[in-house]
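One structure is given below, represented as structure tokens, and several questions about it will come after.
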């Protein structure tokens, strides 16, 4: 909020009015850029947004100002981004949930045609963990246990219809297994209930469970990414159980309003990809347990569409789809 | 004490009935939401039950009020509180589209004039001055970000 | 003692000029955002979070913890002076704090709140050091079922001491619970009563609701009176509490410390529960319960102390388990994660300078805050010299700013006005709005833990009486229920005059 205005202060008003009309893509950007983040300050998405904003400034030679617009699981801010002036001065730094998950349960006003995907920076996997006493010590044994006891176990997740739950259900559906989902307010709450023994499995992002895995209070066995994660070497990727195609992860990227001029989009894509590829940014991602994987506009767009379709099918199969409400 | 008044008995009963009406609205709105079953309540279960409870409690409150025969007059609004409420509602509506400084300048001018009974020209000076001062404090010193609206600076 | 040695090392870290300055800046900023209605610790910490990226992890947490503490201190100021809750934790303080101000005891109320906060804060840090890990384990045993029973108990405790007639209190609780159901249902992602508005998927805004119900309604009520009873600015020698007030406050402060510390472990809603429970306890055991709602000193001292004791206790799940139990500690967590420091069972051994530096800075922060706040009492109280006709419009503008600054939402501003009108009408007919707010905050979590517990047990209702935690809470619930019922049947119930 604060920064929308500061931006107006920073740029001399007259110059901005004159230039906004005439500036061509070669000159872009001539004034500070607002990066809308549909998450509250302090979360993972916000942290990456602020770091990428800082990292990209030398490449764009302009200030990039972060503007948090939290609400509705990211859908409020995403709506603001898609409705912004397509002049390249309002961009959105998002995580995948408001784009590929929320549209299945909320009546959002945007579709993949309402925004242009610019690039994405990388991902973080979700993980399934069990108590140390659970009779499984590999991913395959875990799968066998789940298959042998349909409906007996419970797993905590970040909320029904959320990306984490759909990621897990996508795998369970392929396995033909039934595990009862118990939704919590976030991975921290899930971890607390898992450690207290109230649910069988922890399902959520890595950071909250890593210290407990290190202290021997949790056995983390299966990731929702195709590959393995160096932070949890004992956990198998989906490739290891032959389900690599069902990968669903948490990823972050940059979008712009749909009608932003292609030349500006190309310039942004290049600048942000360079910024995200720096060693310093990789380190920043490592610290949050995320993996750097810089993708361009094309790959990011394709990822959004395929993920939207796959998660839509999962949402339908577990009966949370509520389109047109 | 002049202004719009009502007897305590009638007002109290009306509030009880309003609560019951709120309960009816809640129950009706909650009806289409799946209520699930007793061992697995759905999203509509709690709102519907609460709606029913509110109807009951609202009616009890209303009946008790009618039985009490408390005929003291209760002032519901006088000139000052009515002006204050209307001005606040208008300011809340105009806050974002019109912007902080003009909205607050007008709001404060009106209220200084009516509530503090200042002459209009002085109310206007104080109102405009205070709105700019508040803007400077919150926007520049605290960096909160107030709506700019139609106001260019 | 081993940890004493560590603590000394911690003080060595916290007492460097840089860290001391960061602690001071944090406390100052925290007090400022705490005083402003609408801006609570969460917003205050979030606004300065980007700044901490440039600091080392110890400096970052020291500053953020300072803001957290400072906001909790400052929150009571507007509650006492203007009946506007700075945040959820100071809702209760509005009741008797404002009544004290009306009687010219604003200075005493603010002083008691500041000193009580200091005592509560310090006791809870000692508790954190002494039994932190133990309590963290106890916290883990509270699953969804026990959480539900606990919140139900809290609601009943509070309704038992409300100043309005029982039926009206119940109606307010149900109304609060009903308002709490607005928004996206977390268990099924079903949008309830949102009417297609994405803004409403997060539910009604608590800050807008509470400022409207308490603050705006109070101003409207005052305008109705021919000669409104507004807080009086006391003379200078009336600024400090009298000996009698201190005698009344001291035991309440001690009880508040204990209650605040224990309830600091309730996830999500710890501050509001601990303050309400402290108020209820003070009123129940008081020899003069009829004074509650009319400026009882213990009604300010207890909850204000509990509030800050909760802050220290809420650090336990973060530091010991690496799991934030309330949103404000979630920001502390992300500040640590940015620097690659992962709190949790290994924090003490892996990053002792962070852990002990933070603990030591919490002690220092409390001392800084009490020194900072006592002189401020005089300044704040002098605000009351402003005539009502000038003060009220300015307060309304600050309410608008506070609500706007949260989400820049025009809907929230409308909620503020509507809540003001509703609160005004309810209070005219002696409905107490405090239980409504408590129910609103608890409602969402209560429903979720109820349904979660049934999901886990696969529809078996016995889950609510299983496990040690649930049983303890059930026993308390039954005890209170029986006493309450007996009191009602025998007509012992004391109903004080309703709040105006």
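Each chain gets a letter, A, B and C, in the order it is written, and its residues are counted from 1.
As a convention for this text, contacts are C-beta pairs under 8 Å (C-beta built on N, C-alpha and C of every residue); 3 or more make two chains touch, one makes a residue touch a chain.
Keep in mind it's a predicted model, so treat the numbers as computed, not measured.
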Original post:
Taking each chain's centre as the mean of its CA atoms, which one is farthest from the centre of chain C?
Top reply: A
**OP:** Would you identify the chain whose C-alpha centroid lies closest to the centroid of all protein C-alpha atoms displayed?
**Re:** C
Subject >> Where chain B and chain C are represented by their mean Cα positions, the distance between them in whole Å >> reply: 23
Subject >> Inter-centroid spacing, chain B versus chain A (mean Cα positions, whole Å) >> reply: 38
Subject >> Centroid spacing, where centroids are CA-atom means, of chain A and chain C in whole angstrom >> reply: 32
Original post:
Can you list the residues of chain C that touch 2 or more other chains?
Top reply: 47, 187-188, 190, 405, 408, 455, 458
**OP:** Pull out every residue in chain B that's touching 2 or more other chains.
**Re:** 143-146
**OP:** Give me the residues of chain A that touch two or more other chains.
**Re:** 1-2
Original post:
For chain C, which residues count as touching chain A in their complex?
Top reply: 45-47, 49-50, 53, 139-144, 184, 186-191, 196, 198-199, 201-202, 267-268, 317, 321-325, 330-331, 333-335, 337-340, 342-347, 405, 407-409, 448, 452, 455-456, 458
**OP:** Report the residues of chain A in contact with chain C in the complex, numbered from low to high.
**Re:** 1-2, 40-44, 46-47, 50-51, 66, 68-73, 75-76, 79, 105-108, 151, 154, 159-162, 180-185, 188-189, 191-193, 195-199, 207-208, 210-212, 214-215, 217, 284, 287-288, 320, 322, 325
Subject >> For the chain C and chain B complex, residues of the former touching the latter >> reply: 32, 47, 165, 167-168, 170-171, 174-175, 177-178, 181, 185, 187-188, 190, 192-193, 216, 219-220, 223-226, 387-390, 392-394, 396-398, 400-401, 404-405, 408, 410, 413-414, 416-417, 420-421, 425-426, 428-429, 431, 447, 450-451, 454-455, 458-461
**OP:** Sort out for me which residues of chain B touch chain C in the complex.
**Re:** 1, 3, 8, 11-12, 15-16, 19, 22-23, 26, 29-30, 33-34, 37-44, 46-47, 50-51, 53-54, 57-58, 60-61, 64-65, 74-78, 80-81, 84-85, 88-89, 91-93, 95-96, 100, 104, 107-108, 111-112, 115-118, 126, 130-131, 134, 138, 142-147
